[in-house]
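Shared between the two complexes below is subunit A, which pairs with subunit B and subunit C, respectively.
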Partner chain A sequence: MRQFFPVEDLARDERFVQTNMAERMKDGRTAIDVEKTSSAKSRGASKRLTPDRHDASDAARGLMHGIMVGEIQALEGAGRTAHDFATGDGTNDTVPFELKLDMARQAWDEARHVEISAKLSDWMGTELGEFAENTVLFEAACSNDPILRLAGVNRALEGLAIDVFTQMKEFGDIAGDPYLEFCEDWMLADEVTHVKMGSDWLRKVTANDPDRRTKALEFQQVVDKLFSFGGARGESEESSFSLAKRFRELAGFTDDEVDTISQMDHEALEERKEAVRKYRERVGADA
Partner chain B sequence: MGNAPVRSDTESTARAPFAPWDRRDIPGSFSVEETARRVGNYKWTEMKLFEALGGWVATVPELDVKMRLGTHCYHHAWHADLWHKRLPELREMKPERLTVPANEAMERFIEAMTEPEAPELTIEKLVGVYRVLIPRFIAAYTYHRNNTSEITDAPTIRSINFILQDEFDDWRDGEMLLQSLITTPEHVRRAAEQQATLEAIMVEAGGITGADSIGTGVTTTTEGGV
Partner chain C sequence: MSDVTATHSTAKVTVSPEEFAFVKYDATEIATIVAELAEQLGIANPIRVVVDETTPLAKVYEEIDAASSDATITLHAESGALEDRKHPMSFSPTGARESLGRILLRAHDRMRTDFADAPGDLDLTLEQNAAWDTYCAGRLARMGVETNQQRWRYNHRNRFGFNDDVDEMFDRLWSSDDLGWADVASGG
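Moving on to the complex of A and B:
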């Protein structure tokens, strides 16, 4: 078995269709309304996932399927990090024995999350493979530096999972679906643990290597921005879900780090709106 | 305290240190050094196994197999951790010194077992783990549990009992997955060939802790004890 495993070789059965971030962003269904003129019940008024949205059912099913394939990739990523590096003191491409144990534990947790998500998807009337799978999560788990993997996956992406699960838990509560709320609450507990693992190991392994820590935190910011989906996460009503600040604190984020992510989400939303505006102007000029 | 019942002179609290139903005894087959050596072999092999299971998760397309491998990956990591913590209690203050394979053949076995990577080789991957390696773990752990001192080495026995429960459960999971995947004569041939190839190397190794893994081979080190 190879030491490192490329994202394009991820093994899936024939039901799954894979895509990447660029393809996803081209999809018109993910477009944002820069004019904000839609009626109160339409998707454009608020992008928050609430049961009174006319497309709430499909949006919730799509999000749950996205969570499920994300959990599959998180399982694969944790497994690879347990496998890909020799045991050592954390320098020279080695990882401490206890870090490997944490990755194995995370693999088990993610396996349970796949099981939970598959049951929830079935509960919501979704077929496996009904929505495309974005493989960007596993891409963040392909770095040759294990600390970059922890920054990108555990801190950025598992952090995002905290935000999404908080949103889905609220959705279950408002929609009167205790089954959904129960499952999301349990997964949320695990995700806080995984983010804390990432925070703790990042600090511990890079304690005497400030350059490596800086690189890891920069990588985390790149992944955080990429995964803000152009402002899909943020405090604005135009964002689909918000930053779960309290849970992030529990997971080892400092107040400054939470503020930075919040600011980055806001900038990402503005950048995306500007890009859409320019695109419309150009299309209008061509027409 | 102040109102304790008065005990009569004829009511004795003197009892034998071992109750009549407690038949545990001192004699055991392994010295501290030999126990540490075996535990180091267990830890090395459990580590190689959890690393392999973790690495394979991304390579298998079958969703149920993928999830089982992730679950079992943690079980074996936990076993490795139990042995890692046991080594200093056995006077080995540098656990990595004894975290080694029993011999060169055991190292070769792990290399051969972890060689399959392609997505169409799920049968080969599972056969190596669930029809060759885990049965060897069950054998070595059972031999150790039944031959070590029930009193002086109780901590090892306690760990082995927890671990054996996992090994039996995981073996059952793996065997059932294999039975569900092996559905044609070609599958049968592939499974048998892989098992024969790996079993031959394992026989060379003698088992998880070498030739004396289950007490039937040549004693390789300082086996002794009381």
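Moving on to the complex of A and C:
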């Protein structure tokens, strides 16, 4: 079976249209009120995904679709990591057999999450493929170093899943949607486990290789910043969802690591605002 | 502000902006779609469509000068309401028909005397807004406009609750054609 599968070759049927982060960042529009001029009745003071947003159900549908395609890519990523590397002691691009078992278990979890997410999308009135699929998640699973994959996918990506699922669970709870609240709660429990796997294996495999650990943690920071989606995650009311600190703690993140991610989220939001301002100036100049 | 005029129906439709900088939309295409919808609904009023292309959000609302056949109807749409979700920043004729058709129906309703008490769109409660959306989306579907009923059912449940009584209320509003504001606000 083929190893090291590029993102361009992911199998999808005709319902799905793929995009990537570079394309998304070309979009000069923003829901963030950069100039602080819009009326509260229009864009709203808070971007937090809660049922009292005027566009709550559509915003939840869009995020749910993003979760579903994310689950597909997480399944593909965990499956690749279980298969792409030879079994060994963790050095020279080998991985311990027990790590492969964890990846296989994760792939099984993700397959179940895909089914759950597809059914939730149907329940919410969303067609599969209705929204563009951002492939940034699988791209983080394409590193040639399995430890970088664990840092990028299990700690950064699955960490993001913890934050998103916590927000969606709360949304379902407040709206009174019994299925959404229940399903998100169960998937959240799995995600905490997946992050913990990444945290544990990262420490174990790099115990005698501090340079590799540093490189992996740097890669995680890059992915974390990318996954903050220009400030979509953060403590500010301008962000759609917040950092689920308690669940991250359970998943093996230290307080310092959580603070670092929180700071990066804030920086990502400010960078996005600045980029939008510049884009608007340019468009204004061109018009 | 620049305007584009379509001549497909007796309604004069203008769209602003005339040229889009943030999204790949065509003002004439939007005007044509609104003119076709107006023709289907028998609306001859002048119609202004104002698109906020600086946000990807999808809020739509309408305003009408007076409940008369010569009053100007203004349809406001954030760009996400007209967007092809598979191809961000691109126009979706289907999405535009659904979003603009919904608020054009509202404007049509407002010309009835039994909608005189309806608050302005921006003053509606979330529940009133959802009930009216359900009533409009059902009629749009029967007009032949592509509409996902489950999407609107989910929107309705989010505002009123997830139980059988709410579903019955949704079905009544969805299948109705001749309600006054009091009927809409009370769930058909």
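The rule is simple: the second predicted complex is superposed on the first by the 271 of 287 C-alpha atoms of A that agree within 3 Å, B and C clash if a C-alpha of one lies under 4 Å from a C-alpha of the other, contacts with A are read in each partner's own complex, and residues count from 1 in each chain.
The rule we apply is simple: a contact is a pair of C-beta atoms (placed from the backbone, for glycine too) under 8 Å apart; a residue touches a chain by one contact, two chains touch by 3 or more.
Computed from a predicted model, the values in this text were never measured in an experiment.
Colleague: With the two structures laid over each other on chain A, which partner does A:280 touch: subunit B (first), subunit C (second), both, or neither?
Modeller: Touch partner of A:280: subunit C, not subunit B.
Colleague: Given the touch rule stated above, what does A:56 touch, subunit B (first), subunit C (second), both, or neither?
Modeller: Second partner only, subunit C.
Colleague: After superposition on the shared chain, which partner residues are touched by A:19: those of subunit B (first), subunit C (second), both, or neither?
Modeller: In the superposition, A:19 contacts subunit C only.
Colleague: Looking at the overlay, does A:125 come into contact with subunit B only (first), subunit C only (second), both, or neither?
Modeller: second
Colleague: By the touch definition at the top of the document, which applies to A:5: first (subunit B), second (subunit C), both, or neither?
Modeller: first
Colleague: For A:178, select first, second, both or neither according to whether it touches subunit B, subunit C, the two together, or no partner.
Modeller: A:178 sits against subunit C, while subunit B stays out of touch.
Colleague: Spell out the part of subunit B that touches subunit A in their complex, as residue ranges.
Modeller: So the residues of subunit B in touch with subunit A come to 47, 50-63, 66-71, 73-78, 80-81, 84, 96, 114-117, 119.
Colleague: Touching subunit C in the complex: which residues of subunit A?
Modeller: Counting only subunit A, the residues touching subunit C are 17, 19, 23-24, 26-31, 38, 41-43, 51-52, 54-58, 60-62, 122-127, 129-132, 175-178, 280, 283, 286-287.
Colleague: What residues of subunit A sit close enough to touch subunit B in their complex?
Modeller: Those in contact with subunit B are residues 1-2, 5, 9-13, 72, 75-76, 78-84, 87, 97, 100-101, 103-105, 107-108, 110-112, 114-115, 118, 128, 138.
Colleague: Please output the residues of subunit C touching subunit A within their complex, sorted ascending.
Modeller: Within the complex, subunit C contacts subunit A at residues 19, 21-23, 52-59, 78-79, 85-89, 122, 126, 129, 148-155, 157-158, 161-162.
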